[in-house]
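Got some structures for you, see below.
There are two complexes below, and they share subunit A, which is joined by subunit B in the first and by subunit C in the second.
Right after this comes the complex of A and B.
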């Protein structure tokens, strides 16, 4: 296997950053999140996982879609052309690679595709980093993932004593590896890569998607939702939550921009209709929607869990509503008949 | 799906005609107008399909569309900020439009069958797109029967269709009712479900197209069941709040189904498979 020594990492990133925006996990104001690499960036490849996922790279928190104008009888709409540079996400873990596959299902798998997402996705190369020491809230193995590697990355980095094993998995990955090799940044090694330690959190979601079909009206949701603040932190941190709003950013009475920004099923206004009817009027309905979506509706529609076990919602929920508890408790519920 | 502009960016279209249907419902004709003044449809829709109408700086909302050949028709009730603004508009105004969205009614599957249309209030808008299709392809369908109800005689929409055009079509019965009559109203008074029961429409080889307020749908379904209609022969349309129209922004789901993409038309047996959350 080829290896990249830790001492060559900065050179490797600098080389790739010459031709692409290279997003790396970095300490930004004390929080580990993805940031475009520059020599000034403080890399943090140890965070498992980074506190903020790389979701925003493919689905920006806000983006401009088009400019509009309305003068008298005339209205115009003009697309805001997005500049999408070649992009590399370096150091993404299995959980977040899997989350991108979930986003691909939503934005690309059914016609019509989402053009802006498709453009960004097509420009993006994934360089995954093995995650060998899972954090206290991690449970990716319960959701069927392998923290040490992911099949759907372009390059897989393995953990070695003093560097990274480098394994290309796609033609795109081969290109990156070839560029690093060409500059003499890679050596051959026979060192076996580090294996992942077991996640300390473990649940068994097997069969709960089917069980949830029978649980829509179950009193469990009242109980679960009782303490929820509907703050939406879970949805914003979740690497698979994709819901968005389209709204007008008015420059003046006549002109403005239509923006897309993240939205969340935790908010009342999300589903309220003109005239006032709201099909999900209370906390119970909204909390139920979130977990049903992750564990039943998404599997029904796309054939995979919409939870990758990254544990971010577990870590940050202010009232400790934990999806691992939900999976466990749903599994334990006794159904009538 | 045909031509159209189903991505998120609207095109400018002109409101070429506005019809006052009732005190709170207007029908808007929307078209692309070339420099010679000739109109063409921004896109074509199947019966039951949707279009997203955009007022810059105000917002967007999804409406059932009826294909008018060289234009689209949207019949819109005043219920909120965007629809209030729409109702203030004059002919010649441009607005934004994108679509078509949604599945539409299965007009091919319905061929050879009788069709019972049941509409309540503004719910006649999606029903009308199906009626017009059946009338335009009259030989493909059996007997047609429309039962339509509104709150008062003043609230009946598409009066010309109801009283002139459709009764003149071969084998087409139009039955109207109002919840509350007035001094001039000679017709039936009563709620739609009870009227349907009273009319005892033909069930054999008949599909039912049912659109209206949720409460009317609920009670009408009870009646249809009593009359012997099977869920496989009943179609209805659902409404949810929508933003994108392409099954991605998340809010219009009922279970795994996105109303903007997989709906808004559902067969009752398919609807029974989904959570009761609409």
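Right after this comes the complex of A and C.
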């Protein structure tokens, strides 16, 4: 296997950054998140996982879609063309690679595809980093993942004593590896990569997608939802949550820009319709929707869990509503009749 | 925690009695979470579940804002409170979000709350009101007090040992540190912090002082504020939130604890407290229900000449 020594990491990133925006896990104002690499960036490759997922790279919190103006009968629309540079996400973990597959399902697998997402995704190369020391809330193995590697990344980095084993998995990955090799940044090694330690948390989701079909009216949701704050911490931190709102940056009554920004099923006004009716009027309906979506609707539609076991929602829910508990408790509750 | 063993037993017995007798329709307390170092909010309506209640030095959550879920409901709910939590209940009563008939407040002795690593929370080191400021009933021998005071009840000694209130005099240290910076440095500091905000509104939703029925950040159609999570919109949110709770913030620290982006929200709250005290004299929000908050009262000698 080829290897990149730790001492060559900065050179490797600098080389790649010459031709692409290279997002790396970094400490930014005290929080570990992905940031475009520059020599000034404080790398943090140890966070398992980074507090903020790389979701925002492919699905920005806010983006402009088109400009409009409407004066009387004169109506114009003009698309806001996004500049999308070649992009590399370096140091992404298995959980977040899997999350991108979920996002691909949502935005690309059916017509019409989401043009803005498709453009960014097509420009993106994933360089996954093996995750050998799980964080306190990780449970990706329970959701069927392998923390040490992911089959769908372009390049997989393995952990070696003093560097990274480098393995290309796609043609795009080959290109990156070739560029690093060309500059003499890679060496051959026979060192076996570090094995991943077991995930901290473990649950067994087997069969709960089927069981949830029978649980829409189950009293379980009442108790679970009673302490929820209906905030957006869980969904906004989640790498697979993808709901958005279309709204305006209004310049005046006639002109403005249509923007898309993250939205969340946990917010009260998310489902409010014109006329004021809210089909999900209470916490129960909203909390149920979140878990039903991840553990039942998504598997029904796309054949995979919409939870990768990254543990971010578990770590940061203000009231400790934990999806691991939900998976366990849904497995345990009795169904009537 | 051994000092709290009997308190836990008493909490469960009391909750069971209150639910069985129909005195209350529900009880807010805590339960043990998925790790021994987590104690999370719990709401029970069924007496059979009273045994799930648990209280210890990890029961950091302030449950008072959850009472807002029942503001349109006549039934009574019981709520267990630490000192800081009780100020949240006073906030709701004073703001007329709930009536005294809707809530039964049960005061608990506070051992001082610790994080998962076992270190005392900053808010507890700086705590001035470790005893409930109001309660209909108390457990564990805690004394109700509307004055800044030392911890009382069965955990008084434990609280003293871990240092509850030991840094009460340094509450404004972080404010002072920032005030020492130049305007440009302050601007850069807050821009960096506000850039992080993901507009999840956890800080707002956990807060007993953020009790507007229609929050301006939920009424986007009126065009006051953009839903976009841009630096300027985030700063607008942060400043608006702070100003809306100015003089009413009960200093419980929950907004900062729940912020997933670790934004130092309490620094702003404390700065506003400091300014209000400088302008209107000493005031502790959520302590005495009969004392109207400084920004909510009219005085002929108001320091603002415009009035």
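Some observations on this one:
Keep in mind that, in the parts below, the second predicted complex is superposed on the first by the 337 of 337 C-alpha atoms of A that agree within 3 Å, B and C clash if a C-alpha of one lies under 4 Å from a C-alpha of the other, contacts with A are read in each partner's own complex, and residues count from 1 in each chain.
Following the convention adopted for this analysis, contacts are C-beta pairs under 8 Å (C-beta built on N, C-alpha and C of every residue); 3 or more make two chains touch, one makes a residue touch a chain.
From a predicted model like this one, the values you see are computed outputs, not experimental measurements.
Three-chain overlay on subunit A, with subunit B and subunit C fitting side by side and no clash. Judged by the touch definition given at the top, the superposed model places A:271 against subunit B, while subunit C stays out of reach.
When subunit A is checked against subunit B and against subunit C, the one touching more of its residues turns out to be B.
Of the two partner chains, neither subunit B nor subunit C is touched by A:161.
Contact with subunit C, but none with subunit B, is seen for A:226 once the two complexes are overlaid on the shared chain. Residue contacts after overlaying the shared chain place A:133 against neither subunit B nor subunit C. Once chain A of one complex is fitted onto chain A of the other, the partner contacts of A:75 are limited to subunit B, with no touch recorded for subunit C. Within the superposed three-chain model, A:250 lies in touch with subunit B and with subunit C [touch as defined at top]. Between the C-alpha centres of subunit B and subunit C, as viewed from that of subunit A after superposition on chain A, lies an angle of 90 degrees, to the nearest 10. Touch criterion not met for A:109: it reaches neither subunit B nor subunit C. Of the two partner chains, subunit B is the only one touched by A:300; subunit C is not. Judged by the touch definition given at the top, the superposed model places A:61 against subunit C, while subunit B stays out of reach. The gap separating subunit B from subunit C at its narrowest, counted between C-alpha atoms of the superposed chains, is 8 angstrom.
With the contact threshold set out at the top, residues 245, 247, 250, 263 of subunit A are in contact with subunit B in one structure and with subunit C in the other.
On the subunit A side of its complex with subunit B, the touching residues are 65-66, 68-70, 73-77, 79, 106-107, 110-112, 114-115, 216-217, 242-248, 250, 253-254, 256, 258, 260, 263, 265, 270-275, 279-280, 285, 289, 292-293, 296-298, 300-301.
Residues 28-31, 51-52, 61-62, 136, 201, 223, 226-227, 229-233, 236-237, 245, 247, 249-250, 259, 261-264, 267-269, 283, 316, 318-320, 322, 324-325 of subunit A are the ones that touch subunit C when the two sit in their complex.
Subunit C meets subunit A in the complex at residues 26, 33-35, 38, 40-44, 61, 63, 65-66, 69, 192-193, 195-196, 198-202, 204-206, 218, 220, 223, 226-230, 254, 257-258, 260-262. Those residues of subunit B lying in contact with subunit A across their complex are 1, 6-12, 54-61, 79-83, 92-96, 239-241, 243-244, 246-251, 253-256, 261, 275-278.
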